[in-house]
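See the structures that follow.
Shared between the two complexes below is chain A, which has chain B as its partner in the first and chain C in the second.
Up next, the complex of A and B:
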């Protein structure tokens, strides 16, 4: 028998997800559990990924969301290869990530003293992702208003590119946050949103996987491993499932 | 004040590979055993469901299976003149958490070390004399191949290791690794299938006269019933392997090979979400009386025991010994003390190849699906006049290509915008990499100690890593990767990118979780912490097992040897210690 103080979120709950199930997942904690004999197994007991199709912004204000959408459509522009990062859902992905435990670095060591170290010692910023976005977006808006009298989202493509390049290189300074730290935070999360499973709110319609030829959450390539140097053209599959599964006829 | 619990026969700290193997071997003696695990109970059916296991964000980016740094982390610095700072998220290596430990998310590469490794210092001194670089503090292990081989064989049978023998009882066999030590038997399972990249590499290596072999894999190639009667399923090459749990029961780990049998034994119980805070010593310091642990609410308990086996990840093995006052802390200035001594790592190098005319389907694969050569590993080539010792395992093992992290492109490519997208699409299917996982040799300046500033949620000091790559290892890396680059060029790619470990140790990019030393084994109590039975010098009822016992690291993945040492320690306890409990086993 397993003494389990907190039960995981079931798959059925996930598929019918709401803000309530998200909170349940995040709040799951456990005391010491003694396990002996035959381990218990409950159907649908595994703790699957949280599901993020609740409408509306969960963390961003409308203004913040508008600016983030403008950034992600510049980092991943629409062209003949794919839709933009915005239309792929990257801003929605980031919003849901910030609303969850990632947003506060709840799993990470955040004890002081905080002090800058060598590059080899890694990220020593005391700011968590929520703070990085809040400060970075405010600083960016202030910079753009001062220089262009418009927010970032009001700029044309060339000005947007030049501004982002300035943040990346650190030639544009922002109030309240190191500009390359902010840029790398947004770029990293944008790429996560573009390439992660669509269950997290980005990579809509598996757009990035179709773009590069990644078949997604498939779990058996025994029939394909011997097909060397051949294009396989496998239709990608998400954890959410495939629309083909629910087609009638 | 910790609440004192009724005494038990044996306490095992950590239910990863080493702790699970030892607990299971000792359970057969009828002793009552309690295994403590700081993380949760993990189970394939529930935790690694096939419907949701293939999730790169959750497992690779958010590190679902790894120890959360909030619970426990390390501090690091490159040398003693720097102030160590905490690793706030994992980069360079990935300590595990929960039953199965790092063995749930490992790659599954199941090499054995070579016979000469176990007497490396003596061997290299005999062969090269004064050419042995003075900075190195290499040591012998106090054991030898004849003593180790049966325990490697036990691990092979437990994990169902798939491969092709190159040397059975001294007879060399084509298709296997000619440099491996004499094996008592063929691998339990035949090699796995191979994707295009390792096949192409093996062909190129053969043209140079090298002898490519299938990388020994703990991802089983066919249905297998292991030595405990536990069944495993064939690897499906899903490409969600390293950093993921296996949903197919194909990747050997404690949860797929040991714990299903162990947990059903009436004299064993697991206590999970329970962090062991220290080993309790009696007033003489020569006897362990049990452990103190905290549950997830911080409530503390004392669990008395007759025998204590510490088998956590290397970092926690060493930290627990420092916190419990076992052994004398190592001092690099005077070169005295043993706890924290001879800390080493693995020197990671690779050559990446970009082609225009090939399709590798890189999403197909697994952590240990690949082909390798050993011509430039360890002392498999003559080091006379080269100015360094050691070498690396050269191989192509496509682990999968989930695209948040796996989007290779040549240096200088744009990182965003239209040009970035074009470069991503151009290179995703048509790039491959040849790795050279090389030795890491111990030097005086690299060691483990307690951090003076940073502490964990229980107020205990974090472990402090002081480490940088020695000159010896940088020279070795440069030489070996040059040889690998020759093979790469012969494959006619559009472009190759050669990376060898030349700068400082950088805690940010992932390199490997092959961290060793700090509580090393040997024949001399003045320079080692445990004897060849993994029994602590001067504390007969305390055994400390893991890669913490390696005096240095050869150019191989460590897990097979960690598990062999676990079988070795269990065998010593069963066949020798229990006959004269409380005494040091004669060596």
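Up next, the complex of A and C:
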């Protein structure tokens, strides 16, 4: 129904056509391509995220998952404000992201040359997120075993904090990966998991949205535009739904 | 130059004069008339597969009794109707008998086409002669036993068929009669919109009062104010049939196909005649009481509607003209049968694309992120809000339809 356009315009054609256009001046009418027909439509088609309802770890081994859960628990501890990063599902979120296209930076240019850039230039690492986790977790386990005879998950809160602080500052070196790079990777993904839509595995029960009063992924606030200085008390809404949808009684 | 042109015209005029005298008919006009009549009858719906030669048949009709296929009606002598005479064709249209006294199944809507005038059938026949022959072989009868025995149709015809051309009602205007002729005849609106009896025949006492087929609801077309088109002005009906959308609704499902293939090409005066006729179809409504707004299902449905539906259909069901159907005071929403509503929520839906309105807006599928309970609650809420009142929907209805649709 829709014909593929011919191969790109050559330089010669472009020069010729622009010359013609100039020659013809304002009287020239552009012939735009007309596309008729409608794109394919399939019943039940949807663009939902991968793995959102698949149980079990999709990328991590059980051992890796245990360590990541210990890290996210330390980064976001349970307190009077919220449950911990672990209980909010941040490790599940990270696992799902690594299993998907993000894990291999499928959408980023990842061919060399790789050179250490300036701070302004941001991340210049050749490693993709999967490699960062695999190398970082292995290095961390090796470091903890060497110094405490335990994996990171076996450490107490103070040792965990000290270790993470050492990674952040680069005072603890890891085999195979720059330790601040690994730390920033995990910290960033943990925050994403804590605040992202629950459909991606984290932010369980919209815990962070309730914490900050974010009403969720709503399309449209037209009905609320006129309501100034009023508490709306909107029940947060995820792509997977809302507690308000459950029939009460 | 001028002289030679006028001479040409003179010769041409002479030639036409001879043709007329020779065949007794202006064959060009007759064929063009037949082409338009074939559009009115939407013959392609059953007789042309997308991408295949015109009228070469093979479109599958899933009837409650089994499969029937649209025949090859090209002039091919072996696989088409090339050996038929006009009288053979007239018998098909008016009696449902094809040559060899073979009785046709009601899927070929001869119960409607019997109303078509002999004169119109002659034009149709003339047009069908001009179609390219196709040697596509089609086994039309794929019904299981005993329905595949065509003799069973003798009884069926006794029950369900009244033969005869449309007889104008002298009490009504010419426009009304044209509308009636089109709706009852070639338009064969009742084939989908009239409830069926157990044998699949029309319940003529309930003409155009709406029916369910292939998991869709063909809505009530009477002027019933609740679930019919009583609130539509004739102009609204014309716009709907011409463009696929009006200020209330958007054609979807089989109706979208009908609009795309057929009614968008109808002449405006024919569409207006149809509208005038349909609006004259008084049918008093029995309006049930809506569910109370504080009913727990309604509360849950309201929350789902606000979060999932209101972005397009607007918070009070207003919709957006030409794009998103109005759900407030909407006849289709008030239909006793909620199948179409459940279906479009589960699987999504695509509107028809017409020359006048080529956008073909689509509704996304919510089957993946609304549970059966959610769908039941939100459909129940819509059916009992903003002036609507209709029976609530249960989650088992949703479950059944979901299974039925996903098998296909």
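What to note about this one:
In this section, the second predicted complex is superposed on the first by the 183 of 249 C-alpha atoms of A that agree within 3 Å, B and C clash if a C-alpha of one lies under 4 Å from a C-alpha of the other, contacts with A are read in each partner's own complex, and residues count from 1 in each chain.
Note that a residue touches a chain if its C-beta (ideal position, glycine included) is under 8 Å from a C-beta of that chain, and two chains touch if they have at least 3 such contacts.
Not measured: the values here are computed from a predicted model.
Touched residues of chain A were counted for both chain B and chain C, and B has more of them.
In the overlay built on the shared chain, the residue A:219 is in contact with chain B and with chain C. By the touch criterion defined above, A:120 lies against chain B but remains apart from chain C after alignment on the C-alpha atoms of chain A. Judged by the touch definition given at the top, the superposed model places A:75 against chain B, while chain C stays out of reach.
In the superposition on chain A, contact is made by A:111 with chain B only, not with chain C. Of the two partner chains, chain C is the only one touched by A:235; chain B is not.
Overlap of the chain B and chain C interfaces on chain A comprises residues 36-38, 41, 45-46, 48, 218-220, 222, 239.
Interface residues of chain B, counted against chain A in their complex, comprise 40-41, 43, 45-58, 61-63, 68-70, 73, 76-78, 82-83, 85-89, 91, 193-196, 199, 234, 236-240, 247-248, 263-264, 266, 268-274, 293, 295-297, 358-361, 363-364, 401-404, 407, 415-418, 420-422, 424-425, 428-429, 453-455, 504-508. Across the interface of their complex, chain A is touched by residues 296-297, 299-300, 303-304, 307, 310-311, 314-315, 346-350, 353, 358, 360, 362, 364-365, 367-370, 373-374, 377, 405-406 of chain C. Interface residues of chain A, counted against chain B in their complex, comprise 2, 8, 11, 29-39, 41-42, 45-49, 74-77, 79, 81-82, 102, 105-111, 113, 115, 117-124, 161, 164, 168, 187, 190-192, 195-197, 199-200, 208-209, 211-222, 224-232, 239.
Considering their complex, residues 36-38, 41, 43-46, 48, 218-220, 222-223, 235, 237, 239-242, 244-249 of chain A touch chain C.
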